[in-house]
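Please go over the structures that come below.
Shared between the two complexes below is subunit A, which pairs with subunit B and subunit C, respectively.
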Partner chain A sequence: MQRMFMRRTGLALLLMLAATALTFALVSAAPGNVAALIAERAAGAGADGEMIAKIANDLGLNDPLPVRYLRWLGDAVQGDFGVSLRTGKPMSEEFAARIPKTLALLAGGGVLALALSLVMGLAGAVSNGGIVDKLLHGLALVGASTPNFFVAAMLVIVFSVMLGWVPTFGVSGFTSWLLPWITIALFPGSVLARVVRVNLQEAMSRPFATTGFAKGLTRRAVLLREALPNILIPYMTTFGAQFTLMMIGAIVVERVFGLNGIGAFFIEAIRFRDFIGMQAVLMLFVVFFVSVNLIVDIAAMLADPRLRRPRKA
Partner chain B sequence: MNAPVYAVENLVIDLYTPSVSVRAVDGASFHVSPGETLAIVGESGSGKTVMTLGPLGLMPEGVAVDLRGTARADGRDILTLSPSELSALRGGFFGVIFQDPMSALNPMLKIGPQLASQAQKYAGLSAEAARKEAVSLLARSGIPDPEDRYDRYPHELSGGMLQRAMIALALAARPRVLIADEPTTALDATVQAQILALIRTIQKEDGIAVVLITHDIGAVSVLADRVIVLYAGQIAEEGTAIQVLTAPVHPYTRGLLASVPDFRSESATGTKEIPGIPPNQAQLMPGCRFADRCDMVQATCHSHRPRLQTVGLGDVPHRVACPVVIAAEGIVTHD
Partner chain C sequence: MKNWPWLILTPAIIFVLIGLFAPFLMTHDPTVQDYKAILSPASWSHWLGTDYLGRDMYSRIIGGARTSLVAMVFVLLAALVIGVVIGSFAGYVGGRTELVLISIIDIALALPSLIIALALIGVFSGASWSWMSDYWKMIIALTLAWWANYARMSRAVVVAELQQPYIEAARVMGASHMWIFTKHILPHVLGLVVVYASADAGALVLAIATLSFLGLGVAPPTPEWGQMLVDGMSYIEEFPSLVIIPGLALTAVVVSFNLLGEAFALQKVPKAVRGGLLRRKKATRAAEETARAATEAKV
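Right after this comes the complex of A and B.
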């Protein structure tokens, strides 16, 4: 078990290295000259070839790619992600200001998706082919096929413009988070609701469910006590995958709702060819994806007694 | 003989799935009394499981079950109960042991706490007493080091130990009727005898009525007081174990016994399988269900459904559903 953790963690670190190297190479290969951009920012139209060459030389931009990557990596592990070409502030400052907002968006959305999917999936399983089940099935299908910018627009029109319950833009207090959370949670919540429903149904047809009934449990008790623990592992795995996808959703949602998080920053970085900013954010994404998957993997292993306590030979 | 604690009359069970509809049980009656063991034998698919678990509402989800007849548990017809009433009865009145303990026990739940919660709910014990009871049930089921096993998950025990745990689980609610659906089929030969011995011991000690479904004619001869031979959802023959095993009348019973290796040493002339396959119960034919495979078959067999006739008197009637053999061998009937 412990060796398994070590191996998974080691693998995750390797994956992070490979992925950051790849994004570094891709960003470097993108058209656009970092030195020219910096010179332009500093001297406006007065930037000349000599100045650009000097900047490129000072920043080591003429060094071979592996050298540049290792230098970037060395700085990054010390918390230095360079200076944004767009805002002129160190990326560490940008991160400190924006990560909390994105995390709040993801955490709130994640909790909401969790609650939504468990309630919908369980209610469907309790109804078992009844009207509630069919309704929830339809709802989940709609939720899983509506693009989130559309969801956002609808929510804003109804709750902000028509009803005036929550602000349309920017964050000010708890209520302003509600629409972004709902928007970002709808897709993963719907997908996960199906996972809960389908896996519960499968578990209910297994012999241990019959044993549950034979013990004298009601159907609801069999669902909650016997079937639910058995869907934990597929549920956690899918939740991990959906949670990482929420990061992509955050890019759109942050822009629509005017949240100055990492996602919104990333869009701006692309528009302004802020290669330094892009690289730093991409690295953050890689770290996020890999660590979420690692955590989910380990949690799923801990949740399964067959893996947690393998039978001694 | 004691009055039956569980008595089923004229049970008809139709199963419907999106793809098939089957009359799995067609007019069967049976009963068991406290301390008695009723064995139900018959080929795979003959309806043994549906006949015993169907009335308890234990068919898997996704199958629509239509039950007719009566099934009286302590005089109360369980076919007329609401789902919640039936739930309560399943735990307290009936205990069930399944064929494959590996899949019948929940892989995510520890063994002991399940027993304790049953004891708490049905035997009315406090949480602390229930835990003690669970440990002693494990011990009584022949599980060594029960304190340790209490906190084990199913994958940490062997098949034989799991079946013992399953028996303990069924007994935790102190049932009056124990239904054991091929409790040894999935186990090693050496363990099989131990499990059967355990069921027998517990039955004698607690005076439980046992319905034992089995393919194992040896087990029938050792454990059963009475036997029902089921063929395609109908009872072909029934009587005491001695009547049915030593003086079988129905051609199917005779075939079944002849196909058992060294069941009776004098017939060690080699075993033979009954040729052919059971009929498709989705397409019901008039007449005797066994007609297509029977070597005694007559023209009337295809058109007249044989009814059970009593061929031997005694405390327990020996009854056979084959007029042809009864007539051919000049057997006296009593009804």
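Right after this comes the complex of A and C.
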């Protein structure tokens, strides 16, 4: 058991290293880029080749790639992610200012997706083939297919423009978070509702459910007491995957609603060729995605003893 | 073809047809600006009105379908070829080569495809890539972000299929690797991967629109739905139709492709259709499950 944890954690760390090395190699694939950009910032259009070469030399950009990666990694582990080429501030400051916003967005969206999926999935299972079930199935499909920027736009049209309940843009208090949360929760909520529905249906056809009926339990009691615990593992796994995918939703939502989070910073970094900023955010993403997957794996192992056995090759 | 879910497929089919025949369906040039007819409502000359530059909305929607369709087909085919080649090679050869290739695939799958595509577009924005147009940067970035899904799927099918007794029989009969691969393995791989790739079309249309919405995909004046939508956002209070029309078009197409995917996943599509090219008599359960997990896990 403990050995499995160690193995998974080790593999996750290895994956993080490999993925950051790959992104580092990719981002620095265009040599001289960073130096040229810094020179441009410093001297305007008057940056000449000599100045660029000097900056490249000073920053050690002429060293071989592995050396540069190790140096970058050493700095990053100590909390130094370089200085953003776009804003001119250290990336650690940018992170400190922006990560809380993105986390608030993801957390609120995650809670909402959880609630939405459980309500929709359970209501569908209770109705079981009835009109409510069919309706919810359709709703889940549309929810999983509507682009999140369109969802955001429609929410703005209805709740800000038509009803005037919440501000269109920017962050000012609790209500301004509502539309962003709903926007990013709709997609994972719909996918998870399907997971709840399908797995409940599967559990209801298992022998223990029949036993429950034979004992004289009502359908609802079998559903909630016997079948519901069975969806835990597929639900957790899908939730983990969907939670990481919410980062994409966050990128879009931060732009639409003008939240200055990590996602908005990433897009700006790409547009302004801020390679240092891009590299730092990508590292953050890799750590985020790999850790969420690791947590889900470990949680699944804790919940289901069958997964603790080492897999046969 | 009787049991095909025709109704749900209608938007997808209309989308493909509109994309193919776009030039004949447009009433105006979608890039021409008419300052005398800015933000005009729907009329006989402009069926869906005009946008903030006086461009005909109807023609831009039609043109947008073509832009998306062409980009989607390019990315899907390229990612499919790369994924199938790398994945089946890894599965067939095995050993250390497989381990290396699998590691690369796993690294590529550690980040969501769209984030990889964004990062690659960022890399391509560097000075040494300026010879490439934004459109091709997007297509190449999406291809490089997408192939790993198909590679993992292909490898799973190959590994499962190699354990079948008939492969050993063929080998005993003296069949070459090339023969075994092309005659026995490849049809199975293609059968599964092509089906899932076709169901993936919706996710890809969505990805293209999202990139363009973020200003990192199809650049103006080429019409594209995501970009039309983001342009319309500035006029959302007075002219919400500028946002609603491209949004609805996009949603309809994605819903339709996703329904197709669901029909495949639940095996609702009749066997006769899955036969022929999509022949797979006994693709083992493990392979199917891996493939299903792969399609479910991505956007």
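Here is the rule we go by: the second predicted complex is superposed on the first by the 301 of 313 C-alpha atoms of A that agree within 3 Å, B and C clash if a C-alpha of one lies under 4 Å from a C-alpha of the other, contacts with A are read in each partner's own complex, and residues count from 1 in each chain.
Note that in this section contacts are C-beta pairs under 8 Å (C-beta built on N, C-alpha and C of every residue); 3 or more make two chains touch, one makes a residue touch a chain.
Keep in mind that what you see is a predicted model, and the values were worked out from it rather than measured.
Once subunit A is used to superpose the two complexes, subunit B occupies space next to subunit C without a clash. Looking at the shared chain after the overlay, A:119 reaches neither subunit B nor subunit C.
Within the superposed three-chain model, A:229 lies in touch with subunit B and out of touch with subunit C [touch as defined at top].
Of the two partners subunit B and subunit C, it is C that touches the larger number of subunit A residues.
In the superposed model, A:285 makes contact with subunit C only, not with subunit B. Looking at the shared chain after the overlay, A:208 reaches subunit B, while subunit C stays out of its contact range. Of the two partner chains, neither subunit B nor subunit C is touched by A:103.
In the superposition on chain A, A:23 makes contact with subunit C only, not with subunit B. Across the superposed structures, the minimum distance from subunit B to subunit C, using CA atoms, reads 14 Å. Put simply, subunit A uses no single residue to touch subunit B in one complex and subunit C in the other. Considering their complex, residues 15, 18-19, 22-23, 26-27, 29-30, 32-33, 36, 141-142, 144-147, 149-150, 153-154, 156-157, 161, 168, 187, 238, 241, 244-245, 247-248, 251-252, 255-256, 266-267, 269-271, 273, 275, 278, 282, 285-286, 289-290 of subunit A touch subunit C.
The residues of subunit B lying in touch with subunit A in their complex are 53, 56-58, 60-62, 83-84, 87-92, 94-96, 98, 100, 103-109, 114, 118, 121-122, 153, 155-156, 166, 169-170, 173.
Interface residues of subunit A, counted against subunit B in their complex, comprise 128, 201, 204-219, 225-226, 229-230, 232, 304-306, 309, 311. In the complex of the two chains, the subunit C residues touching subunit A come out as 103, 106-107, 110-112, 114-115, 118-123, 125-129, 202, 206, 209-210, 213-216, 226, 229-230, 232-233, 236-237, 240, 243-244, 247, 250-251, 254-255, 258-259, 262, 296-297, 299.
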